[in-house]
Each structure stands twice: as structure tokens, then as C-alpha cells.
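The structure is given below, and queries will be raised subsequently.
Each chain carries a letter (A, B, C and D) given by its place in the written order, and its residues are counted from 1.
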Amino acid sequence: MTDHVLTYMTFFPVAGMVAVLLLPRERHDLIRWVSALFTVPPLLLAVWLFRNFDRANPGFQFIEKFDWIPAYNIQYFVGVDGISISMVLLTALLSFLCIFASWGIDKGVKGYFALFLLLDAGMMGVFVALDFFLFYIFWEVMLLPMYFLIGIWGGPRREYAAIKFFLYTLFGSVLMLLAILALYFTTEPHTFDMTQLIAQSDRYGTTPLPFWPFDQLRWGFQHVVWMALFIGFAIKIPAFPFHTWLPDAHVEAPTAISVILAGVLLKMGTYGILRINYSMFPEATGDLAFWFLGALGAWNIIYGALCAMAQKDLKKLVAYSSVSHMGYVMLGMATFTPHGINGAVLQMFNHGTITGMLFLMVGVIYDRAHHRDIEGFGGVAAIMPVYTGVSAFAIFASMGLPGLSGFISEVLVLLGAWQKYPVLSVLGASGVILTAGYLLWTVQRVFLGATNEKYKTMPEINGRELFTMIPLAVIILIVGVYPSVVLDLLSASLEQLNQAVIPHLG
Amino acid sequence: MVGLTHYLVIGAILFCLGLYTVLTRRNAISILMGVELILNSANINYVAFAHYSSGSLDGQIYAIFVIMLAAAEAAVGLAIVLAIFQLFHTIDVAATETLRE
Amino acid sequence: MEISTAIFYLVAAVTVGSAAMVAFSRNIIHSAFSLLGTFAGVAGIYVFLGADFVAGVQVLVYVGGILVLILFAVMLTHRITDVQITNRSAGRIPGLVVVAILFVLLVQSIGETPWAKAKEVVYKATTASIGDLFLGDYLLPFELASLVLLAALIGAVVLARQEIKE
Amino acid sequence: MDHPIQTDYLRWIVLLPLLGAVWNGLLGAQLQKRLGKWVISLFACGPVVGSFLLSVAAFQDLLSREPEQRFLIDRVYPWITLATLNVDVAFWVDPLSAVMILVVTGIGGLIHIYSVGYMHDDRSFWRYFAFLNLFTFAMLMLVTADNLLLMFIGWEGVGLCSYALIGFWYHDHVNTRAGNKAFLVNRVGDFGFILGIFLIFWSLDHHGHATVTFREIQKFVSLLQGQEIWGIGVITLATLFLFLGATGKSAQIPLHVWLPDAMQGPTPVSALIHAATMVTAGVYMIVRLHFLYSLAPLTLHVVAFIGLATALGAATIALTQTDIKRVLAYSTISQLGYMFLGAGVAAYGAAIFHLMTHAFFKACLFLGSGSVIHAMGGEQDMRNMGGLRRHMPWTFLTFTVAVLAIAGTPLTAGFFSKDEILWQAFSSPHGTPLLWFFGVVGAGLTAFYMFRQLFLVFFGECRANHHVKEHLHESPAVMTLPLVVLAVGSIVAGWIGAPAAFAPMFGPNLFAAWLEPVVGGRHEAQGSATLEEILMVLSVSVAAAGVYLAYRMYFKRSLSPERFSSLANGRPYRLFFNKYYVDEFYQSVFVDGALKLARVGAWIDEHIIDFIVDGSAKTTAFVSWLNGLFDNYVIDGLVNAVADGTFWAGGKFRKVQTGNINSYLYVILGAVIVVIIVKLRYGS
């Protein structure tokens, strides 16, 4: 059993999908419970993984590897290290919770849960795959269900949103595929094995670009591949100016899908950059990180916060807050200090839990009021006090209140950034003020003020909804009070990554 | 000295005879016999190449598969012939050209 | 000329000759029985090529199975008392011409092609190795072949049942 | 100092209020419904009283040691351990933080008890106490933290509670807006604070001693001298950043605007958070980091200047306000300015001394005004009060004592502490007589507006309407008792820090001696005791002049206030009354500016980026439409032509389709033959 933990984690949801497909379509509750059941083992395995992960080992663990398509040297190769472990945990947790958040879906239940489970498998696969080909397959496996989940179960403008999402990500995928093939054909022997590619990361140093006319810019092969991969991942993050799919996709997607989108999918961008761009092209990373990660990250922080401030739709506001918060991840990654980079990965984890909670919060009130217009509420605190309490918790966590998890990661990122780029650090820190601004303003308009007569009879948050939010709240609190619980997992691998890039910094 | 060429020529002869059978016969069973000849010629080539060119057993394995499939084909083919005979009371392929437009 | 070469030519002659009988005989019964000679001759050629197992299979399957099937079919479709147990042919001349052209071309190709040569030509018992290969590298095709056979079996039975129904 | 003693009970000083907060926060609503409010009160006041007792124990523990050994620490667990960043959750108590925890838990406890009476009719009784306890926890964390990051938790934590309690009555947007304002302005300060931490951390990292722990910073601070960033000394910049944090929390110019609005919260909250404890955090922080500030003379000048400007500016605004709580709010800002003035002339002990005495009399004033508001049924405008001394004797008495103290009447606590600051401003190496002069002017203003308030509220005819007048009553004992305790404190608390001139009466300056191990000795440089006494008399006379003026204007009514308010066409009056228009300025520049930028950002997203995205989609659609036309008429035309041709040819060739396998075979064979020929002829 323990030899194949990662495989089990990845393919349990697929088994669940098959099981769901075999169930009669009108047995809605049965379908829901079966889906929930099939997300439990990955969660338990994630806990097991958390307990048994060797924190001192910077390399890959729980490796499974065998030939898949030997003719092209393609392998089934999975494993986790410090960079992916936290994401695997997050995916298992959010998938489980989101099944419960999807309880209210009553159109095409069978299809929804089947696709959801497939999505779950795809996401897990992306984080554990160590073979580039396998990685790409999981990456695409995850996109398709997402397209349908938004396009079929979404809001009124779902088709626009789904197509926008699909076009953006497809564009990214194509660039990524080209980059992957370029890597494949430059290795000798040709391989998709990430560990091999990482081990050969110094081989690009002297490879000049055959068709690059500008010698003085000293761009080599690896810079171009780096950029192709970066754009592919930046769309996922989403980094300015590739971010406009996010608000639309979020607004139209059903609650649980928004949670997954924000909680897991966005992380794939930054995860990909760390796993692939950083480790395979340390030199190009050293050359390009400042502008494309550091400066762009700081810009993301401020720009996202400003855009969030101008939104009238609650869900759109949360979506833009994601843009802002992912900026911290980019900024942290660009610092190459242990603080910054650990903070960045921790921020990925924290953003998953915090923003997940925020979207669940929006979902709860949308289910009751059937609109998300910020100005259209008011005085919800008097009607739904428990809901208000939980929401306030999430909002303050998002604001980076000390003692909660968001604070730790943001401080680490800004602390790391200060050493390398003090100006960016100052800009990033000023983003904290803006964040507080739009979030408090939201709290005031939605929860506080005179009770809105229209919603006087709105029912309090129910047990199921609380069940989806409380575990996240507990994690947010624990990580805030004792961050080592996550940091210990990350630091060894990230230190290794740092050491690979640092010699190449300009 | 007997070499690869000899076997290939035998194969070619068998192939041509089989082909001729298939081309000229009107009797379904005869056509099947022709097909068997063609298959045998192919098998000879397989085994000959295996013996002289590759030095591995792969060719033989293929030959065995071909034999297997030939057996299956013969069983099904002859069953069809019987069914056709039952339907048309003849096995002359010219009499059963219902595929024609 | 060595004995083995002589025997080779003998076997080849039997094979080709009976094949010609198959092709040209007017009586279908004769054709069918000539097929026996061809099959046996091919089995002999396999022996010359060091393929003992294939030769065995050839005898068992072709001679023991397929040929018997053909004979049965012949008998079932032609009353033995029938005067007309003929084997009608048509378009002999064009067939002969085309096949002849093809044959010439084939021989030309055989002659002109630089065939790969094995390092050494070995003769040794192959049965054990073939068994290993079947249960190793070729396991999947092997299993598939068994499926095909099963399908053929069932298919034949189904087709034959139609006959009784009618 | 190098081997501090691990003292396990310190954590409970901090954690007890947290337990109370969690208990009341999670279960309070149910408990209140099922068992009544007394349970809530018990679980709210109990932990704070417990913390107070533990604080006293810690204090005695310190007393029993040699002055150099007065240091207790409680390491709970390592909080963040990452490369060079090692931060423990650790609480320490030294003479400085001992003073603070006694003030926080002592005065905090009294205010908790007072609140039981004040908030008795409120539906969200439990929520109030949950936040009040949470505040106490955060404040204790702030003062006992042994490192900057942990302090920052408390720093933001008190901000959160302040936000929640200002907007406690959230049904009215006036309150929630005030809360938002407080939090946001504090965030600006926190922004500076956190950057200050970063700067210190990395500058020390440069020398291989990266740390955020106070004691270690103190140990290595000398390494930072001469180090520069952006052309400014690192210490100067770091202290300026931190001071920005202090101006936010302690409502100093330019971040003072939130405090008057914060009076929207329940009055005990104003007393505890916005007078006695939280707003003094900035002063505490500067004193805590005095070793840094002492090395940055430029920053010290800035601190002193800002402190003095705030003291004067807020005092002038207080002259014109009519809301009973707003006067007190501006008075608080003004008094905090004095504390910063003290800190700015490196008289850290004096600053803390004033902090402590101020906590007593300002808490007393706020609670007294709360008592008045309670009795007046929520009325806060002083123009509608008057003559209350007959109806509320205890409140009147305690209020008067506190007013005397803040006005600097000799022998009261305020007299000693304010005088200490003024004397230091005059005599310290960082001070000048000019600072003293303006400080004295401020003292005169203070005396004036406080007595103005006293006369307006408690003397003269009652101007309240009939309805209110009937319900005038003295507050219950649970409220007056804390008032009495605080009033007594407002007098005697100063005696422990009396200057040498009063040594025969009150003994030596115990307070300065107590803090000496932390902040160093009191500057006795320049000027003699005689000079000190002369200055003292001068400042008292100025204050007395202020009192006299108030007496003429608001008691005897022999001098019309309009004579002053209409000076210079009333321009200064309007300037004071409108708080120098700072709120309006901030609103139009920062708030509206940010909103405008936000709209620009959203517009860019919607109209530029999405224009490009949608445009490319539309272009694609257009191209495919063209393509479609092309397909329909050109390609399809061709295809149809081919199809028609094929159809026609098919008709011709249909005879080829014989159904005869032989004919198919011939065709195939023909093709094969052609292929072989081609291969033979042209193949390699």
C-alpha cells in the first residue's frame, strides 16, 4: 500500500468517477455520497504523507517509476518533494471539502460529480508527475473538466467565461507543449524525465539561439524556452496582463469550482515556474526573475488590489484579491532568499485555504440572496451572526492579520524581498494597506449597517456549509500560530532550488 | 549452396500460384485454397528472413500467428461458404454478386 | 551437390508442383488433395530453415486442421455422387499474364535487394525460446490471438446454426 | 541579562484574557440566552483580574531581585524558524513591561467591571466582552513580547479589536466608517512598522546577527552605526519607519485623524483602548527601542517636534469642540503628544511616567463622561448639559479630581508627570527652552479646555430637555467604584515619581529608579534644582491662567467666548473647529485618489486587456467568417465541382463496380505492379 501512495491518491478519484458513472442518474444523494466517499482515501493518504514525509530530505520521495511508452522514453514517474507536498495536501483537502460545497448542484448531478472527480485526479497528477509528458497529460486532463464545469453548471454568462478560460489556457498549453518538445529534443538521449532534465540544467549555458538576431541581448535557447513556459504558467497564476480570464471564470463558475480554481489551479502556475523554470533553467531564471517575477509580482499586488476596490460584484472582488495575493507569491519567488521563497510557497498554501474560504463565503450568501451585488446587502451581521463571524475570520485572514496564516507568508515574502529589492518590498507592503481598504469596505457594505428588510428572513448558515469552512479556518489558525507545521516540509527542497539559481544571479 | 534467395523464390512462386487461384477460380472453396497458398508463401518469407537476416525468433513467432489466424480464417470462411451454399444453393462466387450496384 | 541440397530441391519441387496442381486442376477434389502436398512441403522447408516448431505447427494446423476442414466443406457442398465435381475457372489468360508479370518483378526485386545478413546462421531447438517469448514479450498478442480464435469458433458455430435453421 | 530566568507563569498573564475571549466568543451567545449576563461578566472579568494578580506576582518577583537582575522571560515555543529568521513566542517582563502590564490589567480590570454596568442593557453583551478580552490579550502580548514580530501581532491585534469595538453598534454606518478609518489609518502606520522591522533585520544580517529580538538588537545595535541605505543612516531610517507605526497607533500627526472618530464606540472602550492603553503603544514601543532612538538624533528631533505639534494642535482643536467625548479625545491626542515630546528629548522614563498617570486620570475622565452619557440617555453635546453636580455627586467628584490632575494642579499625578516632561524638554541634551515654552503654552490650553468642560457639564443651569432631566440619576456602584479607584490613582500615582524638590514629602523618585535598568538614568544635566522649581511655578501659573479664563467664560459668564471665536474674522476659530481640514484633505487626496485609481485599473481590465482578448477572439471569428465565405463559394464550389465530376464519372464507371472480387483484385494487382516497377526503377 505504502509503495504506491501517490498513485492511489491520483487514481482513486478516477475510480470514483467510474463508480459515479455506473450509478443511476436520478439517485442524486447516492451520487453525492459516493463522490464524497472517493475523496476520503486521498485525504487520509495525504495525512499519512504529511506524517511520513522526510523533512530533511530535499529530493523526491515516495517515487514510483516505470516505463510507459519506452519507444519515446516516456515514463510513469511520480514523486513529491518540498515544493509539491504542500500542494498535494491542499488539493486533497479542498477536493474533499468542495464535494460538500457542491451539494446544492441539482442539474446534471451525475455528470457534475463525475467531471469533478476527474478534475481532482488531474490536479493531483499535475503536482506529483515527474515526467514531463505525464505532467502535460494531467495538465490537459484537468483543463477539460474545468471547461465543462464552468460552461454547463456556471452562471448566466457561463459560455463566454468558459470559452475565455479555455482560449487563454489553451494558448498557454500550446506554448508549454512547444517548450516541452524543445526540451525533449535537446536532451541526449531524448527524455521527458524531469530529474534528468534538472540534472542537465547546465547544458543550456552555451547553446546559442540559431535564429536570434540580437546578439547584444544575450538571449539563448533557454531564455526563449523559459519565456514560453513562463507565459504558459503566468496565464494560470494569473499574472498581469494575462489575468482577465480569472474574474469572469470565477464569477460564472459554481462555488465549489471557484474554490478549486482559486485554491488549486492558480497554484499550478507558480508551482510550474518553481518546478520547471527554476530548476531546469537556473541561468535564465537568474536573468529574468527580477522583471518577470519580482517587478511583475509587485505590480500584480497593487494592480489586483486596486481593481478589487472598484468591483461591485462580491465574487469578482474576491477574484481580483486572488490576483493581488498571487503577486506575493511571484515577488517571493523572485527573491532567492530562504525567507522569500519559503514565504512564496507558504503563501500558495495559505492563499488556497483563505481564498477557498472566501469563495465558500460568497457561495453561502449567493445561495440565499441569488445575487452578489455588494451594494445590495447590508446588515447581514444582524441576520446571520455565525456566518458573519466565520466570514470576518476569512476576510481578516486575507488581510494578513497577525496570528493567522496569511500574515506569516506575506511577512516572509516582504522580508525576503527587502534584502534584494527594497523598493519592491515597499510597494508590496503598501499593497497591504489597499487590501485592508477594499476588504474593510466590503465588510462594511455587506455585513454592517442597518438591517436590510429584504433579507430579514434569510436562514443562518447551515451545518453542511459550516463543515466546509471550519476545517479551513482551523488550518489558517494553526499555520498562523505554528507555521513550522508547513514550513518544515518546504525548506529543504527550496533551499536546494535557491542554491541552484543563486550563482546565476546577475 | 542453398541461400535466402532460394526460399524467397519459392515463396514468390507459391504467392503467384495462390494469386492465380484466387483470380481465376469461381468456386469459393478454391479461392480459400488460394488464400492459404498466399499465406504459406508469406510464412516462408517470414521464417526465411528470421533465419538468414535477423537471427532472432520474431519471424517464426509471426509465422505462428499467421498460422493461427489462417486457422481462424478457414473456420469462419468455410462456415460462410456453407451458409452461402445454404442460401444460394451454389458456391459459385459469380452467382452471388449481390454487392454489385 | 550435397545430399541436403538435393533434398531441398526435392522438397521444393513437391511444394511448387502440388501448388501448381491446386492452381490448375480441374477437379476440386484433386485440388484439395494437392494442397496436402503443398502444406507438407512447406513444413519441410521450415525444417530446412531451422524452424522445427513452426514446421510442427504447420503440419498440425494446416494438414490436420485446415485441410480437413476444406475437404469437409467440399464434401458438404458437392454431393459426392454429383457428376459435375468440376472446378470452373474463368479469365485464365489475363490472370496468367498479370501473375506472370508480377512474378518476374518479384524475382527481380529479390535479386536486386541487398538483404540484411545475420551474423551467423544457427540451428538449434526453438520450441523453448518460442514458449518464453509467447509468455513474455508477446504475451498480449498471444492472448489476443486466443480471443480471435474464440471469436472465430463462436462465429463459425453461429454461421453453421443458420444453416440448420433454414 | 544574559541568562534570563525561565518563568512559566508569565504566559498565563497573556493567555488568560485570550481564554476568556475564546470562551465568550464561541459560547457567549448561547450562555447569555440560557443563563443570563452574569455568566458572561464572570468569564470576562475573571481572567483579567487573574492576569492582574499574576502581574502583581511578577512585579513582586522583580522587586525581590537586584536591579540588574530584574528580568523574567517565558519562552513558550519557537514560532518561525527559517534560515536566519528565528522568532520565539516568548514573553518577558522587565521593569518597563512590568509597569505596562500593571496598567493594562489594573486599569483594564476596572474598566471591565465598569462595563458590566455600562453595557448592561445591550443585546450583544457577550460580543462586547469577547472583544474587550481579546483586546486585553493583544495589548498584553504587545507589551510583553520579546521580539518585534510578536509585538507586531499584538500591535495589529489591538487594532483589530479597536476596529471591532468602534463599530460595535454596527447598525449605524457612522460607527462602521469610524472603525474602518481607524483600522486603515493604523494600517498605514503598520506599513511603516513592518518596514522598520525588515530594515533592522537585514542590517543586522549584514553583520551576521540577523534577529528581531529586542535584547539581541540591543546587544548588536552598535554594529549598525555608520551603515547607510539610500544615503540615510540605517538607524535613522529604521527609527523613522517605526515612528510612522507609532504615529498611527498613538494618533500623532499626520495619522491622528482616526482617534476622534473612534469615540463612536462604547465609552468604556474609549477609556480603555483609546485613552489608557492602546494609544500609548507607540510611546511604549519607542521607549522599548530607546537604544535605537538614542543613536538617531535626527529621529529624536522629529519625534519631539511631532509630539509638540500634536500636543498644541490637538489642544487648540479641543478648545472648540462641544461633544463631551471629542474634547477628551483631542485631549488624549494632546497628552500623547506630551509623551512623545518626552521620548523625543530622550526622557524615556518621563514619557512612561506620564503614560501611567495619564492612564489613570484619562480613564477616570472617560468613565466619568460615560457615566454622564449614561445618565443623560445617550446625550453627548455639552451645550445640553450643565448642573449635573447635584444629580451625580460621585461622578462629579471623581471627574473633578481627574480634571485637576490633567490640568497639572500641584501634588496631583498629572502635575508631576507633565512637569517632569517639561523639565526634561528644557534641560535634556536633546531639548531646548523653546520646546519647553510651547509645552507650557499647551499646558495652559489644557487647563482651559478641561475646566471649560467641567463647568459646562457640572455647573450652571441644566440645559437638558424636560424628559432627560427627569431621568437624571447617579450611576450604580459597579460604575462609580472604579471611578473612585481611578480618582485616587489620579492623585497618588504621581507620588512615586516626584522630583527631588518634593523629596521631603514623597521620598526619592522611585519611578525613575525603577526604570533605570531599562532606560538608563534620568538626565540631571544643566540647570539646578532651583531652576527646575522656577520653571515649575511658571508652568503652574500658566495653567492657573487657563483655569481662570475658563472660570470667567463658562462659570461666571463674565467674558463672552464669542470675543475669542470672532478674532480675525473667526478664521482661527473655524480652522480649529474644523480640525485644520485634515480629514477633508485626506479624503480628497488619498481615499478618493485610491478609488479613482481603482476605477482606472478596472477600466483598463475591462476596456484594454479584455478589448485585446475579445478583439483577438473577434478577429478570429471574423477571419473564420471570411474563411466561411471562402469555403462556401470557393472551396465548396471546387469541392462541389469535384463531387459533381466524381458523380458523373461514377456514373460512367459504375460498371466497374461489378461486385466481382476478381476485378477488384486486378486493380489492386495493377497498382502493386506499378509500385514495384517504380521502386525498382527509381528506388535507391
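Quick notes on this one:
We adopt the following convention: a contact is a pair of C-beta atoms (placed from the backbone, for glycine too) under 8 Å apart; a residue touches a chain by one contact, two chains touch by 3 or more.
This is a predicted model, so every value here is computed, not measured.
In summary, the chains found to touch both chain C and chain D are B. Of all chains shown, A has the CA centroid lying nearest to the centroid of every protein CA atom.
Each chain gets a centre from the mean of its Cα atoms; for chain A and chain B, those two points are 61 Å apart. Per-chain Cα centroids separate chain B from chain C by 6 Å. Centres computed as Cα averages put chain A at a distance of 34 Å from chain D.
Rounded to whole angstrom, the centroid-to-centroid distance between chain A and chain C, based on C-alpha atoms, equals 64 Å. Residue positions of chain C touching 2 or more other chains: 90-91, 98, 102, 106.
Looking at chain D, residues 662, 666, 669 sit in touch with two or more other chains. In terms of which chains touch, the assembly is arranged in some other way, matching none of the line, ring, star or all-to-all patterns. Remark: the chains found to touch one another pair up as A-D, B-C, B-D, C-D. Chain contact summary for the complex, chain D toward chain A: residues 25, 29, 77-85, 149, 152-153, 155-157, 160, 163, 167, 170-173, 176-177, 179-180, 183-184, 187-188, 190-191, 194-195, 197-199, 201-202, 205, 229-230, 594-595, 597-602, 605, 609-610, 613, 617. Those residues of chain A that touch chain D in the complex are listed here as 163-164, 167-168, 241, 243-245, 247, 303, 306-311, 337-339, 342, 379, 381-382, 385, 389, 396, 401-403, 407-408, 411-412, 414-415, 418-419, 422, 425-426, 429-430, 432-434, 436-438, 440-441, 444, 447-451, 481-484, 487, 491, 495.
On chain D, the positions that touch chain C within their shared complex are 662, 666, 669-670, 672-673, 676-677, 679-680. Taken together, the chain B residues at the contact with chain D in this complex read 19, 22-24, 31, 93-94, 97-101.
On chain D, the positions that touch chain B within their shared complex are 654, 657-662, 665-666, 669.
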